[in-house]
Structures are given as structure tokens and as C-alpha cells.
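After this come two complexes, each holding chain A, first together with chain B and then together with chain C.
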Partner chain A sequence: MTPSIPGRSPLHRCPPGPKILALVAAGTALFALPRLDLALAVLGLTGWLYRLAGIPARLVLAQVRPLAWILAVLVLVQLALDGWQAGLLVAARLVALMLLAGLVTLTTRSSDLIEALQRGLAWLRPLGADPAKVGLAIALTLRFIPVLAAITAEVREAQRARGLERSLVALTVPVIVRMLKMSDDVAAAIDARSYDPDRAGD
Partner chain B sequence: MIEIRHVGHAFGERAVLRDLTLDLTERRIAVVGGNGSGKSTFARLLNGLLVPTHGTVRVDGLDTRRDGKAVRRKVGFVFQNPDNQIVLPLVAEDLAFGLKNLGLPKDEIARRTDEALRRYDLLDLADHPAHLLSGGQKQLLALAGVLAMAPEVIVFDEPTTLLDLRNKRRIAQAIDGLSQRAIVVSHDLDFLAHFDRVLVFEDGRIVIDDRPSAALPAYVAMMS
Partner chain C sequence: MSTRDIVFVALFAALTAALGLFPPVTLPVIGVPITAQSMGPMLAGAIAGARRGAAALALFVVLVCAGLPLMAGGRGGLGIVMGPGGGFVLMWPVAAFVIGFLYERGLETLTAWKEALILVLGGVVLTYAVGIPWIAAVARVDLAKAAIGSAWFLPGDAVKVVLVVLVARAVRRAYPTLRPR
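So, the complex of A and B:
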């Protein structure tokens, strides 16, 4: 998930509701209809939409890079078990879906996205779900992914200086401790700015 | 006025504040002390982020234990690390977060957001991802987010500690320019020299409570 980038393209101007619905429809079609030609067509269409939105190529790659290893493993397994067409199908539909999801967050202000999700999830209230809390959780996820990346890079650099670049424990323990400490401060900051979970989303 | 009566605070067995009684009425109050002296805990008691283990803190008659939400509307808080205070991904969205929590109408939120962005030269960055701002810009955004909520008092917990000299000066000027009362926890003694009152903390107690001309040299002597 990447924070939005400003723009005036038709995709930026489109309200978030239709974009989320289109994403759900495309995802359902991609997985309900396992056809290579359909997956490649959606992938091509997605590429055109990125061009329409004026999003630079490095940001397109950034959408796929975090899951590249998982994608590679899935494709290799499919290649070994069912042949190249199955491998290509898995790759095409997963990449198309990741890019489409990325396109929604890149072209929608997070506050608009959250408001749309809160409205869309309102029917879950009688079941005990709280759309406002879901909205805040998504906003915090969008906000703190880059912060987590920066903390991880800092800790990795510090451990490299101590010759511990290959130790997973030396990387993960300080990152988790810092994130837990930060989560206390973030909770206090949300309180300090008068957030009321009982009123949010009204 | 903030009234503090026989306030103590402990984290588990460890007492961090011991039997404080004082009133805070001045326009600019500085809080100084060594690491672990209790000054940040003291700051968090002032707007109800922490409630005291014993004793009472009252803001204009409102008890922070009972009326925490109302107290936080009167007393804003700026944290040391702005990265932990910026909640939403884009600059303008984050600024509007507190205003939405106050339940203000949309046009009023837009007006106040615009005004706060303009005041701190952040208007061109309104749609910019907050994580890409410089340290000084992040701290200004944190301050703008609190200021837009129009509190009567703003508490700052070491607002310049993580900043370079230029940004320290920007934040110091921003605090100087506030019409609100400010209570500032800081190690930057030059910045505090023109304040109205200085509280020096040691081991959970206020050991010096005086004007800066007397309190700051005494604090420097104490620390050396």
C-alpha cells in the first residue's frame, strides 16, 4: 500500500467507491475465470490505466517488488507442476491484481478512501464491527509503512556496522521493540488530538 | 489555570513524581531536568494523557481524571518525535484529523486547515506524503495540527531535540509567535531564557521554581 500521489487525471477525479468496486470486480473475474488471455488483457488494461494516471514507472515497479519473492516461488511451483501456461497465468493475474490495488491507493487520497470504506462497511455495524476503527486502522497502515521501512533500514545499517548483517534476530528484535514503543506514542498522540472511537465516523 | 495538588505518579513500583503542588498561570513556562527526572511524565499529566496515581490535576476547574476529553480540547500536546504524532499519510489530511475529531463542519475544517498550512509555509505541501517532509517541516506540521484545534494551552515535550540548528530556530520562533500559553519541556536553555518561569525537576520533585535569570544558572550548576 502506497500513499496517494497528487494528480488531475480522470482516475484521480473518479470517486473512491467506483474504483473499489471495479477492483473487487476485476479481482473476482481474474480468479473466477482462470483464462490466460483474460489475465493478459487485464494486465494490459492496467498498464494503460497507469499511463492515463501519469504514474512514473518506478512507482509501478514499487507496487510489485515487495511480493516479488512470493510471486517467483508461486510461478516456479506452477511451472514445475502444470507447465508454462499455468505459471504465466498465475504471474499475470497476481501482478494485475497487485497493480490494480496499487492504482486505487495511488490515485485516491487516503481520507477519501477511508470515508468510502466507512460508508461501504456501515452495514456491518449490527454485527458488532466498527467501520470507523477499520478506517483508522487502514489510515495508520498507509501512514506507517514508510516509517517501518525507515526504521528497518536504520537498524539494518546499525547491525551491519557491528558485523551482524546476517542475523535475523539482530534485525527483527530492535525493529519490533521500536515499533512497540512507537505504537504507545502514536496511541497517546491520537488521544491528544481528541479522537473518540464512539464518535468517529459520525 | 492549571492547578496541581499533591500529585504523585508511579509506573508499577517506581515512583516518577512525588507530591507536587503548584499552579501554572504564566504565559511561558519552561520545564527542565535530567533524563528520568519526571519532566515528560509531568507534561503528560497536564492534558490528561496520564492521570496521576494520587492527587489531582485541574484545568480551569476540569479534573483530568474525570474530564479527560474536555481537558484535551483545552490543552494541546506536541510530542518530541513528530513521526509518532502525524497520524494520516498526507499533510492536509493529517492537519484535518484533529478538527474532524472535534466534529466541526466541513467548510470550517477546510478553512482552519488552510489557515494553519499557510501560517507555517506548508500550503504547497498540502497533498504531499507526510513521511517525505524534513524533520523541521514534520515538527511544524505537528504543531499546526495542534494549533488548528485552537487549544488555550499547548504543552511541548522536547520539541527541538531531534532537529538541526536551523529547524530548532524555526520551531523556537513558531513557539514564540503563539498567542496561546505554552509549557515547554526542553534541554535548550538559550531558548528558555526569556520565559516567564522555569521549573527544574530532579528525582520526581521540583527543586527550583523561579524566573529564568535565577533558575537556569542554578540548574547548570546543579548539573555540573
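So, the complex of A and C:
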């Protein structure tokens, strides 16, 4: 997860709800109307928004880098099948969406994002999902991802010492067992602080 | 849901996201990537059970829709769900539920073969039943082409099913989490 970059630009001050909705709208429009001019316009607009938010170019590149070689494959396939315009469209659309999504995460504190999601999911209440519980689950999920990565790295080192670095089972089983054990500890810790999931919204 | 259930839901949502750290391979023509992430619903169902597994994958899908870059290759946003692979992704919570349900039902009598059958049914058959028509609709190819294109996933799926059977059996022995239904 990319942490947010603090700032005072209009984008930073905009509440997360509208930002997420704008992202959703842009994503929908880009896929519903596969037009090169539209994709390039959104890409240009995104670039301008990054300048407005005062985000350094280095971070802009970091948003797209994980995508680089998928993008290369996609563009090559499109080039071969449908010509350069289709290839350019696919690339522009994907880069624009990635950058826009990245911009939302870069200019929104994750606590604000979680709060907005929690409010946005209030309509799930009749289906038996309590927004407060959903909020807790979201916060835990975002925290667990780096923890999982760290545990995986540790277990990988331990298994390398045993000569088991090539076995996926020898890697996965200890990682999952440790995570399950940790989950029980986390749940006990939450309960010990008198968190009552059935009354959390009160 | 108890606190423990909520933490488990978060854990398996995070696990699915972490599986996305393995780089994906995008299939030409249908434009859907092969990723380790489709093991997420299998592991969640087989280890966390029907309710928690389905909730974990639903949470994951919501986070992806909200634009968090949790899909393989750092992708995210509603574009994923509306893209060619959307049918597969939307079926993940259902797959986790069905797998979890069948695991809990047969918990006392699970053999490796039965487990593999459950995983194929939930993680492959059911998912493809929605995923393939979805590709055909979104990528505007005919159904047969979408089905043939998707056949490229099958070797990967076979490997994933075997891996999940091995992992789920070992985890169940080391740290039992399911209760028979």
C-alpha cells in the first residue's frame, strides 16, 4: 500500500467520498466509451491533478511501474491484432486509471478512506453487515497485508536454512498457521479492550 | 459475527491481496491474467469456512472496487470488475461460500480426493460458469472463443487445487478452524 502524502491542496482537502465516486465514474466512462481521445483527455487531466496535488514525478512513476510489463504485453497484443490505435487506447486507459486510483490513495489518509467506505456501506445493514464491523475489518485488512509480507519473508528465510526454499507447501503452511495464531491473539486483544462488535456502532 | 470472525475475515481478505504480489501473466485475446489470487477463495473457503470465507472475499472485492490496488500487478478500481476478468472476480465470494459449505458439511469424512473435487467445483466449475460468458460479453468475442481462451487457465488451476489441498490438510491438522455443520 502506498501511504498518503500530506499536503494542503484542494485534492487533499476534498472529502474521500466524492474522490472515490469520481474515480468510479472515470473508470466506468473509460470502459463504456472506448475512445482514444477520451482516454488521452483523462490522462492529461490526471497529470494536471497530480501537479495540483504537488506530488513529485518520482511517485507518479512508482504508481505505474508495477504495471509496466503487463502493459507492454497488452499493447503488443493489441498492436498485432487491431493496430496501433487500439494499442494506444488500451495503454492510455490503463495508465490513466492506475494514476487516478493512485492519486486517491496518495491524497487521502487511510483512516479517512476507511471512514468513508464505512459510511458508504451503511446500506448493507439490512443484509446483516454492521458498518462498524466492516470498518474494523477494513482497517485490519490493510494492516495485515504488510504483516503477511513480513511473515512470508521470515518463513522463507527459515525454510531456506532447511533447504526447503523451493517447496511452496513448506512456505505456505507455516505462514497461514502463524497468521491464524496471530488472528486469535489480535481478536483476544480487541476483546480485552472491551470492544463489543454488536454495540460498536453506538 | 464475533471479534474472532471479523479478524479472520480481514486475514483472508489480506491473504487474497498478498497472493496478488506474485506477478500475473496476462492471456492474449481474452485479456484476463493468470494469478495466484484465485487461490484466495479456495483457501478462505477451505480454512475459514463458508460464512467467514465469503465475507472475506466480498470485503476484498469491495476494497478493489473502491480503487485500492490489491489485484495482481497492483491493479484496482471498478475497471477491474467491468473488465473481462470481472465475472471471475465477482464469483470469488460465491466460490468461497460453496467451498466452505461443502468442507463444513463433510468435515468428518474429507479425503484428499473429496477435497480436490470440492475445490474444482467451487473454484473452477462455478467460477467459469459466470466468468466465460462475462468475457464473451465484455471483450465482444463469441462464447466458444472465450471458452477456448479460458482453457489456458486450466493447467494453472490444477496446480492451485493440488497446492490448496496439501496446504488445507496440513493447516487443519496444525490449527483446526472449522466446525462441522
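Following the convention adopted for this analysis, the second predicted complex is superposed on the first by the 120 of 202 C-alpha atoms of A that agree within 3 Å, B and C clash if a C-alpha of one lies under 4 Å from a C-alpha of the other, contacts with A are read in each partner's own complex, and residues count from 1 in each chain.
One rule holds in what follows: contacts are C-beta pairs under 8 Å (C-beta built on N, C-alpha and C of every residue); 3 or more make two chains touch, one makes a residue touch a chain.
Predicted model, so just to flag it, every value in this text is computed and none were measured.
When the two complexes are overlaid on their common chain A, residue A:Ser111 makes contact with chain B while staying clear of chain C. Contacts of A:Met179 after superposition on the shared chain: chain C is touched, whereas chain B is not. Shared-chain residue A:Leu140: touches chain B and chain C both. In the superposition on chain A, contact is made by A:Pro6 with chain B only, not with chain C.
Which of chain B and chain C touches more residues of chain A is settled by the count: it is C. In the superposition on chain A, contact is made by A:Tyr195 with both chain B and chain C.
Of the two partner chains placed by the overlay, only chain C lies in contact with A:Leu168; chain B stays clear of it.
Judged by the touch definition given at the top, the superposed model places A:Phe31 against chain C, while chain B stays out of reach.
Once both structures are placed on chain A, chain A residues 139-140, 142, 147, 186, 190-191, 195 are touched by chain B and, in the other complex, by chain C.
Against chain C, the residues of chain A that register as touching in their complex are 1-2, 20, 23-24, 27-28, 30-32, 66-67, 70, 73-74, 77, 81, 97-98, 100-102, 104-105, 113, 117, 121, 129, 133-134, 136-142, 144-145, 147-149, 152, 168-169, 172-173, 176-177, 179-181, 183-184, 186-187, 190-191, 195, 197. For chain C in complex with chain A, the residues that touch the partner chain are 1-4, 6-11, 13-15, 17-18, 21, 24, 26, 28-29, 31, 33, 43, 47, 55, 59-60, 62-63, 65-70, 73-79, 82-83, 163, 166-167, 170-171, 174-175, 177. Taken in their complex, chain B has these residues touching chain A: 44, 47, 49, 69, 72-73, 76-77, 79, 81, 83-90, 93, 96-98, 101-103, 127-131, 145-146, 149. Against chain B, in their complex, chain A makes its touches with residues 3-6, 109-111, 139-140, 142-143, 146-147, 150, 182, 185-186, 188-196, 199-200, 202.
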